[in-house]
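Paired with chain B in one complex and with chain C in the other, chain A is shared by the two complexes that follow.
And now, the complex of A and B:
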């Protein structure tokens, strides 16, 4: 008996019980559809949201002076000159690089003062990268790259009772122990959904911040972006190789660990739900395979008695289970593909309050889908594992089959 | 006669014992008064030492009782005229480059003063060691060749202070603060201040060099060198005003 013949026989065998095969394969395909739909939506949102969320602070990667992350000292800065920028753009995969000068200062207005987080940004480049101007709720965005104007977080403005056009003082320590003091006009009030940031942040044009801190053209970080989230590890490696040991390369998960944790939590809970679903499907598959084995004890005994090798019979039964699962997987994929493709090109657009609150967080109010091949491979592997586990039963059963007893109809 | 001798001996022991057991509060109070008098005027240089750079500032300081103090920066040129004023529990900075007075929020008292290793609180609120802390003599110890009392100071309940423990070395006889260890609420040593070069300045024998050393950064410190001092002269309280802070000429 050739393997092809065994395969053909297995294929015919599963269709001896058409209804049962349809139901089992149907269960698998629906589970697969649901799992693919969920995971594709999850991974799609992570990729899109990560791309969006990282723009405001961490970027995909940041280049920093090696000692900066320790205590964010204003003395630990990177060059901001042309030569350095050109070097950054030789990193493979970099699409955007924006400079920032981040430090602390005492903010003061009238009789009040409070420690604030100062962020010097290049007005045009920053707006193109993170869309900062869209966060301005009152007043205006920076009009020139060196004006003595600030954008103040909403909660911070409330604390200082600031309105547009008021003066605002920043006072602190500059480069190499110099005194940093500046008087600015409040150009706009920006809103951040993150309350902690909203209550602390003050934006300045980069050149103005550099003048305040006496840093020359130095910056505290170069924020890098690449084509997509998937390429981050490669981008990181290339950045390390290009920039050498004098520049520290930090990725978004290192800079914003809470964002990384949030994604991990969400992903794990999604995967857990799917595993529960597969657990149910697995028992369904097992029931079918068990039936396919038990109801044919006599048939197996006859085949063995007439000279079929046990191994051949085992192969036959495993092939039957395999074809059953394969039918389910193929049906599942062919059901899922058009749906996922449709949503990939036409992501679900949210409306109303939900959309407003999502947009406020700096995300687009759409639910994007992912078509990453590893998603499909992953689901297929899960079904195959289930199948392997379930096939153990008939394998053992056939091995232990006592021909005379089974011929008489006993189990 | 013998009986009288015994009584005398006992009396002497009691007297000398009392002299030995001068209370920790008194020691700290004397040391504080020694350093600032009722009023004081000092001229000093502050050197900030960091890996890779150092910076030095000259300044003048006035204090009156434990409630008023005024520090004026006289060099380098770009910071000239900057001043800090303390009246009771409030503190302001005058920044001539932007012609504005900045009120220092109480939450900023623990922050660095003009980039040095001294906090705003260290520099301007020193006298609170007498008012806000309770003191206990731990032992005697020699520091820099001088016998000292080692005194542990813990803040009184609800005292508005930055440190949750200070250990102070005060020289016996001269009542100079020779060393202070500052601890945070986790009992971790944060800063150590040591003083050296005891000389006669303004008619008093006082240390003329103070070094503030952060515990976790061995390669950085701030040094204060005293050049001139005067004590217990008349100065009106109105001297310590926002107007005067602004008008002081270097």
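And now, the complex of A and C:
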């Protein structure tokens, strides 16, 4: 008996009981559809949120002075000069490097004051990197490298009742204990989905911020970006080797541990739910395969008695299970693909309370989908594992089959 | 008679029925774990928000809600607080002066909300005192004590007795500031709250702002479920002088999250009920079709179609019922055990800290969820029997009897 023949026989065997095959394959495809939908949605959101969220704050990596991460002290800075920039660009895999000077100050306008987060950025480079100018809802973006102008977050502007052209004062602690104070014009009002940031952020041109804090040409961080999220570990390694021990390399997960852990938490709970679902489906598959074995004891005995090798018979039942699972997987994929493709090109945009609560967490209220091949491969592997586990039963059954007894059996 | 027959039929193929029951126990354990975890998580989040931040009710000047500014104070706050405290069922009332400002140490600076509190009152309303990890509550005597969070202390390099400078605008709009000394370090489950709040004595703060009024009244009730009733009572006291809000209005996002969680839990349960339903259909199909001849015989000797239908449905209900009951009982046991000892969240706790969740979580499943799931599974069992039963009843008697299988 050729392998092709065995395969054909297996294929025909599973269609001897059409309804059962349909239902079993149907449950597999349904589980697959749900699993793909959930996972595609999750991974899509993570990738998008990571790329988005990191651009505005952590970057893929940040280079900092080793003492800065402890307390963001304005005294712990890195050089901002040409020589340093050139060194950064020798790191393998770096696509972008933007300088930032981050600190705190007391903002004041009219009779009010409030602690704010000050971010000095290089206007052109920053806009090219994070698209900051697109966040400007009112007024304009920075027009020059060193103008005495600020962009303030929407909630912060509301608090201070600021409009374009108003004066805004920043007081704080400068480099090495100096007094930092400056008067600025509100050039624009920007909007951040993360309300905590929106209520605290003030952007200045880097040169203006350096003048405010008397830091000279120094920055608090160089923010690095690479080609994609997957390449971060390699980028990090290369950055460490290139920059040496005087520069601390921190990745996004280190800078924003909450974001990293929320992603882990969400991913783990999604995967857990899917595995339990697959478990339920696996029991169904097992029931079908067990019945396919038990009700054909006599048939098996006849085949063995007429000279079929046990190994061949085992191959036959494994192929049957395989075809059964394959039918389910193919049906699942063909159901899922159009849906995933549609959502990939038309991501769901949320509205209402849910959207508000998602924005509150600092994410966009959009649910993008991922079509990463790992997702599909992962689901196939799960189904394959189920199949292997379920196939053990018929394999053992056939191995232990006593031909005379089974021949006499009623079934 | 029919009942007995159905019950016995279910156990004719022990392996198959056993697999189905195992599938249900497994699936239900998983579902209950997920649902219990999610419910535990949101409950914990709400409980902590009420315990450490919002209390049950808050009263503010309506202008303060639009913009938290010094000038939007609440008239007669102390007098109102005394009246509210006299309402039976009110556990505690605290009055705060609130101002936004900046906290600076030698190492760094941070923007914070400065809460001027009366320590004795605050202790009855929020769990701030219990969340102290070092030092103690604001003392009655001594110059300018301040409570900062562990997160802030870490960032600003602060220890007990460290000196910090608070800067803010006073009543006239002039920037003013004063040195305070750290007398205690607190750590609540919410990282966001911790990063942005410090506590000082109200009298000290009043001295520097030049304003002898307060902005916020927070009320804790004996019974957290009676919020609506007390809201009206407090409204009666406050009248037109301020706006009374319950915790859900103070933190609408949390309230919305609770609603979202309920829906997503229902979806999870629905998905599993459907998956288990398919399993039951599969099993019932097999069990009915291998007995085609038997059913033909039963009908030939006078069993009506209706009775055959009832027999199949009963078998399905028994199968689904046994699986559901075992699964739910196992789930209850699991919830009882994990609800007692708690699930340590380990490394994930920090990320959840952004939502104000404790490091150990206690899963919680309501009786309504158990009963609802049981009900849905029983209904699904009945539905799952209809298709196989219909297939068998469609067969002609002669064909059914001729079936060899």
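Just so we're on the same page, the second predicted complex is superposed on the first by the 273 of 411 C-alpha atoms of A that agree within 3 Å, B and C clash if a C-alpha of one lies under 4 Å from a C-alpha of the other, contacts with A are read in each partner's own complex, and residues count from 1 in each chain.
The rule is short, and it goes like this: contacts are C-beta pairs under 8 Å (C-beta built on N, C-alpha and C of every residue); 3 or more make two chains touch, one makes a residue touch a chain.
On a predicted model such as this, the values are computed, not experimentally measured, just so you know.
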Touched partner set for A:171, first chain B, second chain C, both or neither: both
Contacts of A:24 with chain B and chain C, given as first, second, both or neither: second
First (chain B), second (chain C), both or neither touched by A:4: neither
Touched partner set for A:86, first chain B, second chain C, both or neither: neither
Touching partner for A:179 - first (chain B), second (chain C), both, neither: first
Contacts of A:111 with chain B and chain C, given as first, second, both or neither: both
Which superposed partner A:259 touches (first chain B, second chain C, both, neither): second
Broader residue contact with chain A after superposition on the shared chain, chain B or chain C: C
Touching partner for A:294 - first (chain B), second (chain C), both, neither: second
Interface residues of chain A shared between complexes with chain B and chain C: 106, 108, 111-115, 171, 173
Of all residues in chain A, those that touch chain C in their complex: 17, 19-20, 23-24, 26-27, 30-31, 34, 70-74, 103-106, 108, 110-117, 158-159, 161, 171-173, 196, 200, 257-265, 268-269, 272-273, 276-277, 279-281, 283-284, 286-288, 290-291, 294-295, 353-354, 356-357, 360-361
Chain A - residues contacting chain B, complex: 75, 106, 108, 111-115, 169, 171, 173-174, 176-179, 181-183
Residue numbers on chain B that touch chain A, as the complex places them: 48, 50, 52-53, 55, 78-79, 82, 93, 95, 97-100, 102-105, 107-108, 111-112, 114-116
Of chain C, residues touching chain A in the complex: 15-16, 19-20, 22-23, 26-27, 30-31, 33-34, 37, 67-71, 100-104, 107-112, 154-157, 167-169, 172-173, 175, 191-192, 196, 252-253, 256-257, 259-260, 268, 271-272, 274-276, 278-279, 281-283, 285-286, 289-290, 347-354, 391
